[in-house]
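The two complexes that follow have subunit A in common; it is paired with subunit B in the first and with subunit C in the second.
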Partner chain A sequence: MSDTFSYLLMAWLDPQLLLLTAVGTLAGIYVGAIPGLSVTMAASILISFTFSWDINNALALMVGIYVGGVYGGSRTAILLNIPGAPSAVTTAFDGYPLAQRGEAGRAIGLSTVMSVIGGLLGTLVLAGTAPYLADMALEFAPRDYFLIAVLGLLLVSTLSGKSLARGIFSVALGGIIGLVGMDMVTAQPRLTMGSMALMGGIHYVVVMIGLFGAAEAFYQLHNLNRVPVKQKVDKIIPPLKMVLKYLPLSVRTSIIGVVVGALPGTGGDIASLFAYDHAKRTVKNPSSPFGEGAYEGLVAPETANNAAVGGAYVPMLTLGMPGDAVTAVIIGALVIHGLNPGPMLMIETPHIFWFTVGNLALANLFLLLFGLTGIKVFSKVVEVPKALMIPLILVLCVVGTYSINSNMMEVYWMLGFGILGYWLKVFGFQMGPIILGVILGPLLDETYRQAMSSVGDDTGQFLLALVANPLSLVLTLVIVLVLLSQTPLKPWVKRRLSRQ
Partner chain B sequence: MSQKFERVQAGEKVFDWLLLLLSIAVLIEAYRIDGIPGLNSPGSFPMGLAVIMLASSLVILASHRHKRRDPRIRNARHEFQVFFHEHFQPHIVVFTLFAVAYLAAIVWVSFYISTFFFLAVMFIYFRQGRVVSSLIIAAVAIAVIYGLFTLVFRVYLP
Partner chain C sequence: MFKPILAPLALAVGSLALAGTAQAEYPERNIQATIQWGAGGATDNVARSLTPHVEDILDTTLVLTNRAGGTGVIGMNHVMRQRPDGYNLLYGAENPLLYPLMGLADFTYDDMHTVNIIGQGLVVIAAPADSPYDNFSELLEHAQENPGELRMGGTGAGGLPSTVYAMINAVDELDVRTVTFGGDGPGITAMLGGHIDFMPLSLAAAGEQIRGGEMKGLAVLTTEEIDSLPEVPPITEALPDIESFLPWGPFWGVFVHEDTPDEAKATLESAYEEAVGREEFQEFLQNFGAEALNLNGEEAEQYLDNWQSVTAWAMYEADAGILEATPEELGIPRP
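Right, the complex of A and B next:
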């Protein structure tokens, strides 16, 4: 118990970790706020720089960036009607009308407080549930991991992007990229096109930097000369009465955020959409109509997307499956440092888990501090012209990629993925599912083959095991339901029910 | 009866055909691993994913039946012109070409020199002049990159 507390408070008591968390959170707010920069991009590039660091230092910085970045997106959504991050898209619906009404300061203050409430509740849920889930996960068979990974990829495909087919294509493309190289079991080359350079596979950080960094730099060239409209900001700290008024809604939407965030493959963007929808359906008398500056429309997504951070860590730390694109990157960081994300992490290195929990709570407190101060400096920084930012992003991508293996070939690959990512983005494909495919593809391959080997490669036995085991049965049913929900059956059932 | 059609972007259909070709290429490459694979073999999963890619790209192509071109686009030639105008704007083309040249130059001219030239040229081009301030910003950026990555992060630079 005393060990748990010392791990929990490690980031709070060590000056270096304290500083790194503070720097990470502050940097995250700016990274999240500046359109064109994203948390995933920053985390991907950071992985390569923090190779040689102590794992706690690297994690402290990344946790700070993650927490700050998810919140930071809301700032520009409110002030400029340009969401800095996908999770802040819904924030702009009511945040920007509030700013236009001259209430930008109040909107930023309220979104900060609600983000912190959501973030702390998410962390609490992580601390309370993850140890039990990890214990349960020790009993999981390879087929259960396989099913969870399938479910995660299916959810990513269905919940993101403008069409299911595009989502599935992205996930499969990611899986293919993840499988390039020698087979881990037979050492047979796979998808290498006969190239020796591809025998070792394509490093997932290279793919991440290309798709999230370089592709975004190219994409932002479309808005090179876009000049944001400035808003007047004052009275940031919200009155206590106001916070208490919206507290019940924030608790409800925090729960939505944690649950959605904990589903493998989803994240803050989907959580905020669900929360906004919940607020619209349940709040009878909003402060203004939704979409025209309702505080409820600001509170719901802002609480949910920060609560989703704690939720996203649950499958990552207990099952080794990323809750969203950022946790996919953090999994990469853990693996690089020789750790094994999954149920064994809690047994072999419990300090990493409790350190992360303490660090998340600390980052949320820094968020409160930085969120309610320094708005004047912030307004100046987010006005950095894209003409300066875009070339610098590309240079950072080059430096980040080269520092992984000191290999120029990987830098060329990064640029290739950047150009591919640009065209995919242009035509409505999302990058998140591709990255999750890259991470989960090899895991699916491994668990599927383990599951098949465990039943002597007998397909009948494999299918029987899916329905004979209670957990496998539940997972299989959920997968079938998710699949059915995407067929014409769902509208048909709805029509039948409405007729009755 | 009015039916709502989704708008298709200029060039989207061609891109979706290219995705189909990519899927076929991946399928062929997956087949080369071990032919028609057994259920538990190195080729089974790549083959499965390639089939999923192929099927989803066919669905994407089929979805064009429910989409309509922008009414302002008159014909295929006009669509090509719109596509070219949207995605091959001079600053996008220039940035892409300079990015490729920059990566090629790193090996020959060294990282710092090529990065300085890349940043300086791009700043001057994007900001339409302002040569002195662009050169100063590029020099400061190089100094920050050196300080941050070599001294603080201690990473190897190209």
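Right, the complex of A and C next:
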């Protein structure tokens, strides 16, 4: 027991580890804030960089980068309507309207506190229930992932704003973009029009930077002469009363985050979508309507995506299986440092588990510190004249896109999506559903085919499996209920019932 | 109006630079190294643990970039299109040897110069811990009595499981449902949950799970038992005829443009030979479930030719339908 404590506090007491965690967190915030610079990329560069270091030092730096990076994506989402990472897409829905109201400081402050709450809750779940949560995550068969993806498709009603028809069109468009590339089973080129450059598919971050970054920059050209909103910078740290008010919601969305994060096939991006949807369904009287600057719309995704970090560590530390792309890179780092990430990791080297738990908690405290300082300067970004801001955003979009795969072709794609996104915006389409489609399209394709081939390509067996297993049955029932509550069926059923 | 002034200037600068390269010893600046697969994968891990040793020997910096996509086509295509000056390396895996066969691209490693074949991963056929089969013979027997019933994890056409499946079918008969995953990792996750019955995996990915008792090794793809997995029988116990295809496994190598100056080729070859031979890296490979090969020159060419002929013909004999061209049409000799 005393051993556990000393491992837990290792990062807190060793000045070197303390410093590395702090540096990592600070660097992560900025890496996360720039669209295209991803935490995965930063972590993999750190592998060669920290090659000769002590393993604990390397891990401390990576934990910091990870925690800071997931949070950093929300900064640009709030200030510029450009999410720095896919998991911050929903943060922009209510964060940007808040900034346009002059409440950028308040929005960043709230998102910081909520990220820390989510992060700490995620760490707590990791510490307390990791082995059980990992066993539960393994129970998810391909058909269950398929059902989760179908459930994800139903989020379209939450994300499509005023016109559901446009939303459905956008999801379909996103799905098709997501399917470009080599077929995963037969290796046949799909929708590539014979181009070698498309064999690898279109990276979804490229689509995201184009649709959110470049398209937003183009769209802002309409408002060149609008005087920027003067930012209120006095009330930045949210009062305790406000934090307490949103505590029940943040606990619920953190649980969504940690569970979705622990599933090896899904991560913070899908978690934040589900959390936003959950908030929109359950909060009856938001501070403003959702999509127009509701604090609740900020609380939900920010808690969920940071809680997903703790979740992603669950299968990694207990089974040696990555929960997402970043933990996959960290597994690589462990191998290179001579450790054996696998089911024996927790038995042979228990200090790695408790060290990581303690380090995650520490990184979240640094996040609170760094997140709440410098907001005044940051919120002035909104007041920068458009003539300076728009070119700067475009430069960042190009640099960010190029850095994903060092591929100039992807920069052209990004610009193409920027132009497409501009016209879609002009005609009242939302960008969220397109990203939803890009994320879910390949997941649906993959999991449907896995589920079908598992039962010998027999549709009857497939449908039977959806209700014959407890877990699948629960998911199927949720889908049916959501469908009933969203479609005209519900009023119809109600009328019939009241008549009797 | 600037043209007349600029053109000679550019020429002068250019010839200066050329003269510089001719005199200075290679390498005089940073080397760009492209990794054909994504961050965190096996090729990435091998490249990132080997590179610091090479940097140390060459006394220069290797800038590593992951250019994943299209089974490695994108990364390889990039390096082949760079200037052949020895400053662009490719860290690649086995896949390019099958590109023409699968119709993915019309080039292979024959179109590049091999600096070093670093090592080869061992392959193990794994099953969930509570599987009713203790070795591959038992599984084979059950599968033959109930064709098309067992679920095998795969990673798509041309992936490691499909090649092993092809080899087995070239010498015996195995009819199963193939469930395709995005890689070894997702496949293992599905196996731990009992959603598939077996899967051929690289030892690098599966070794820890087997030693930890979460999975069971049914056979290793070798002719003899291996030290790191005692008690797991070699596949030749169940299928003696498969020996003609062995040794076989996924491998990793370093390549440069074919037209690279001989001096640079030689410098790189000796640097990589020394780096791979270093004790620290050898330990990494062993820990990683791989065996060191450290081949260059003639030996490396032979290794590549043999690998290509074994794999291509095994795939052809098992199911010619999935191939875009026959090995014969491509001039690949029978093993």
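Definition applied: the second predicted complex is superposed on the first by the 271 of 500 C-alpha atoms of A that agree within 3 Å, B and C clash if a C-alpha of one lies under 4 Å from a C-alpha of the other, contacts with A are read in each partner's own complex, and residues count from 1 in each chain.
Keep in mind that, in the parts below, a contact is a pair of C-beta atoms (placed from the backbone, for glycine too) under 8 Å apart; a residue touches a chain by one contact, two chains touch by 3 or more.
Everything numeric here is computed off the predicted structure, so don't read it as measured data.
In the superposition on chain A, A:G201 contacts subunit C only, with no contact to subunit B. When the shared chain is aligned, subunit B and subunit C each come close enough to touch A:S453. Of the two partner chains placed by the overlay, subunit B and subunit C both lie in contact with A:V185.
In the superposed model, A:S406 lies in contact with both subunit B and subunit C.
In the superposition on chain A, contact of A:L392 is made with subunit B only, not with subunit C.
In the overlay built on the shared chain, the residue A:L464 is in contact with neither subunit B nor subunit C.
Touch criterion met: A:I47 reaches subunit C, while subunit B stays clear of it.
Looking at the shared chain after the overlay, A:L483 reaches neither subunit B nor subunit C.
Subunit A residues in contact with subunit B (one complex) as well as with subunit C (other complex) are 48, 51-52, 183, 185-186, 406, 449, 453, 457. Those residues of subunit C whose C-beta lies close enough to touch subunit A in the complex are 39-41, 44-45, 48-49, 51-52, 64-71, 73-74, 77-78, 102, 104-105, 148-149, 151, 154, 156-158, 177-182, 185-186, 188-190, 192-193, 195-196, 207-209, 211-214, 283-284, 287-288, 322. Chain contact summary for the complex, subunit A toward subunit B: residues 48-52, 163, 165-166, 168-169, 172-173, 175-176, 179, 183, 185-186, 188-191, 193, 218, 221-222, 224, 385-388, 390-392, 394-395, 398-399, 402-403, 406, 408, 411-412, 415, 419, 423, 426-427, 441, 444-445, 448-449, 452-453, 457, 459. Within the complex formed with subunit A, the subunit B residues making contact are 9, 11-12, 15-16, 19, 26, 29-30, 33-34, 38-40, 42-46, 49-50, 52-53, 56-57, 59-60, 63, 87, 89, 91-92, 95-96, 99-100, 102-103, 106-107, 115, 118-119, 122-123, 126-127, 137, 141, 145, 149, 153-158. Residues 40-41, 43-44, 47-48, 51-52, 138-142, 181-187, 196-197, 199-201, 264-265, 315, 319-322, 325, 328-329, 331-332, 335-336, 338, 340-345, 347, 405-407, 446, 449-450, 453-454, 456-457 of subunit A are the ones that touch subunit C when the two sit in their complex.
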